[in-house]
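Each of the next two complexes has chain A plus one other chain: chain B in the first, chain C in the second.
Here is the complex of A and B:
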């Protein structure tokens, strides 16, 4: 028996250590569809409670949207449950290629390749395109899947300080003798909800002849005037060489991701990206649902307009109620508490008050940067946000954190 | 120590060996000993086997830099200690925090 008592005991102790350190990730069970208001069972076995959801990536509210669900049903009925194959053997339906064409048009790129997830796209894209003659220079706060993808690639890895353009330029100059240079950034950073300085990154990339890869998972579908993403917001449509993004957030919230960009780069991923080559194709119902999402948003900005309106309204409510909120313009609005226990306590009490949020602390965010990350959706109505702020105000008042900035919070609660 | 070889080389005028020089010399001597006379399969056999399989093989002495913190472990290899440590620093900076999903 390979899994003997020694191994079992080691894993049991490790799990206990995580629990004792407050690092154990626990699931809460949602009864029903994802949405602005959900029924949550927590802890396991407790009767479900109806709560307002302020922590989903359901930015445009499409996770349970009737038109998207109906399209997925049609996809299931017409094209079956699964493909039982990778794309290049017998796993490509006309629908897969149609979705790739539609994403290309929406993102205003040259071509697109679907992946099982954006994590897979990021895991595969670097190794497929770069080797030891090249360099990857990433913002230090890029998504974990980019870090993993870079580690799988033999090109030199380097980083620049978060959104520090002078440091990026220094790095680009340092690597001028490399064959290819690739600058890598998120569009909207998931931790703070801030936006990449993409216009400046593109200008530097042009000056130093570097490619730009943008992970726009927290932006596709709503950032920018027509929701194309951060490249639209920053006025650099058509100038980003590679965009990786997800179907698992604004574009329906099921699963799936893509690499979209220069024709040859996408074609090379089709030949060499291992998660594409060795994973099953996206299920037809997800493809059909995603096409429906693009039908809904390609010529209609009302969903993203409602989302951005909700984000501004919610941000204003939090600021007026005296919370320390990270500045930004995305629907990710972190409420800063700095102390890990305080963030956990407030999140738990908010659930008791009917608001579902999660506290984030080290190692998910830097030490001394604990926060509650709130996320709004186009699916929220004003009454949801008004009820949400009532709960925040009540719990915040109880802990005495309202009106406190960083210094006061750290002085009162420590880091 | 079973055997030790002692040899001397002239130093340029005014040069004094410091701790880093001694450490480097010791590392080189250890590398020579293990490469030429170490236990296990002769490295030339492995090179021959890989070349027969179509690989173009190069091996050289280098520096390894490692960093551990809790369960995290980073390791970088370089032609010099400085190069290995610089790469090690880049690796640690890549995932200072896990980040949010």
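Here is the complex of A and C:
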């Protein structure tokens, strides 16, 4: 049907259904720079109020860092506003090449190709490299952009139970007759905060002659002793065939992503990956900002050290306050509530208490696994986290969720 | 439970229940609406059914409604086998 009254009414009813179920996502408007504390207007039209931000991917605090902002200004002044071109036509500056080389050095790979985002990198990489003769075997909790990218590829698709190495080995054995096997995992899982067993994955991949693709978007810049990522953390630097990661989180928070890995695989992406071929080149100011971030962290671990200290402190506060928290060592710390409406209600009330978090539910997380995903930053100070736990304790107490595990929460609130 | 349903149930339990998950799967356990199987992980179930029972499941028939229970899946397999019996 064309977009007449019937179609309009259908969509209006669908939106009302979401709102009535308490599941409508609503944007909150930030007046100012992203940071540990922000001015938020919510609901729309309300006067902005200062709140503590516990839901940004601003892991190293660079979203508003003066040095990064200054570098972006220099990029704007020296190289202009935009490229008005895809990379391979006339969209590549010397700055793009420099950033690719810097990322290669930082990640300790052979080559790197920039994309408009890591979502675009994941959308393009599988189709560029694999076909119906091959198989992709992904952890079941990989990021949605990997799911979508795999669906664009004609290679056989399969999945293994989350972080289950025995199940992965079954799958690798099952597909021994395929031309190429590719194991795909996140480094730090975006909704759970746990870390891939990358050393075991690499060992299995070597045994079964499989490639490994690692989406390290929630790890690049801070996981591992010097922040190279999950591959450094797990002692497998140089053994990952492809890394996709983002410039939109720890590495500045603007936009951009990349594929980094074996020289020939990156070169093939440069020839065939559709988001690279058909989407506009990264703006020069963003490239300049990202180079500055690498200058700041390549030989200085103080940012990631502060972040990881904050993560351990915040996790301890949540656990002591009796919340059901998924275990892990990353700065992603989900507070499990299981019931979607409960997660939304608690998130809304936390904002009233001056803490900005968001409830996550299906389809962002599996059904019955709703949560509030908290994320800490190197920009947080102890006082922010102490104030945060006061708010969590108050709202958690009001809803009666403190001291409850999964069974108790599901019995009390349902799924 | 007949042999077909038992085989499907056993496959689903092995393929989708995590270690330590003590849920029992019977022929009416909601698999998709119950959060045990999703559209991403469903591909291996579809492949198992096609290889094990020598059938081709059109995408249009591999719906969440049909795949939500072992009983629904078994009914689909039986229909497809009857429509296209395997060669002798």
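Simple rule for what comes next: the second predicted complex is superposed on the first by the 409 of 415 C-alpha atoms of A that agree within 3 Å, B and C clash if a C-alpha of one lies under 4 Å from a C-alpha of the other, contacts with A are read in each partner's own complex, and residues count from 1 in each chain.
Just so we're on the same page, a residue touches a chain if its C-beta (ideal position, glycine included) is under 8 Å from a C-beta of that chain, and two chains touch if they have at least 3 such contacts.
Please read these numbers as outputs of a predicted model, since none were measured by experiment.
Trainee: Putting chain B and chain C on the same copy of chain A, do they fit or clash?
Mentor: By the criteria stated at the top, chain C and chain B clash after superposition.
Trainee: On the A-aligned overlay, A:373 touches which partner chain: chain B = first, chain C = second, or both, or neither?
Mentor: A:373: touches chain B, not chain C.
Trainee: For A:360, is the partner it touches chain B (first), chain C (second), both, or none of the two (neither)?
Mentor: First partner only, chain B.
Trainee: Please indicate which partner A:277 is in contact with in the superposed arrangement: first for chain B, second for chain C, both, or neither.
Mentor: Neither partner.
Trainee: So in the superposed three-chain picture, is A:140 touching just chain B, just chain C, both, or none of them (first/second/both/neither)?
Mentor: both
Trainee: Give one of first, second, both or neither to describe whether A:162 is in contact with chain B, with chain C, with both, or with none.
Mentor: After superposing on A, A:162 lies in contact with chain C but is clear of chain B.
Trainee: One more residue to check, A:410. First (chain B), second (chain C), both or neither?
Mentor: After superposing on A, A:410 lies clear of both chain B and chain C.
Trainee: I want to verify the contact counts: of chain B and chain C, which reaches more residues of chain A?
Mentor: B
Trainee: To test your reading of the overlay: chain B has the stretches 2-10, 38-46 or 74-82, and exactly one clashes with chain C. Name it.
Mentor: Of the candidate stretches of chain B, chain C runs into 74-82.
Trainee: Under the contact definition given at the top, report the residues of chain A touching chain B in one complex and chain C in the other.
Mentor: 138, 140, 147, 157-159, 366
Trainee: Would you mind writing out the residues of chain B in touch with chain A in their complex?
Mentor: 87, 90-91, 93-101
Trainee: Considering the complex alone, what residue numbers of chain A touch chain C?
Mentor: It comes out as residues 138, 140, 147, 156-159, 161-162, 164, 366-369, 415.
Trainee: Which of the residues in chain A come into contact with chain B in the complex?
Mentor: 138, 140-144, 147, 150-151, 157-159, 190-191, 360, 362-366, 373
Trainee: Any idea which chain C residues touch chain A in the complex?
Mentor: My answer: residues 16, 18-19, 33-35, 38, 40-41, 43-44, 47.
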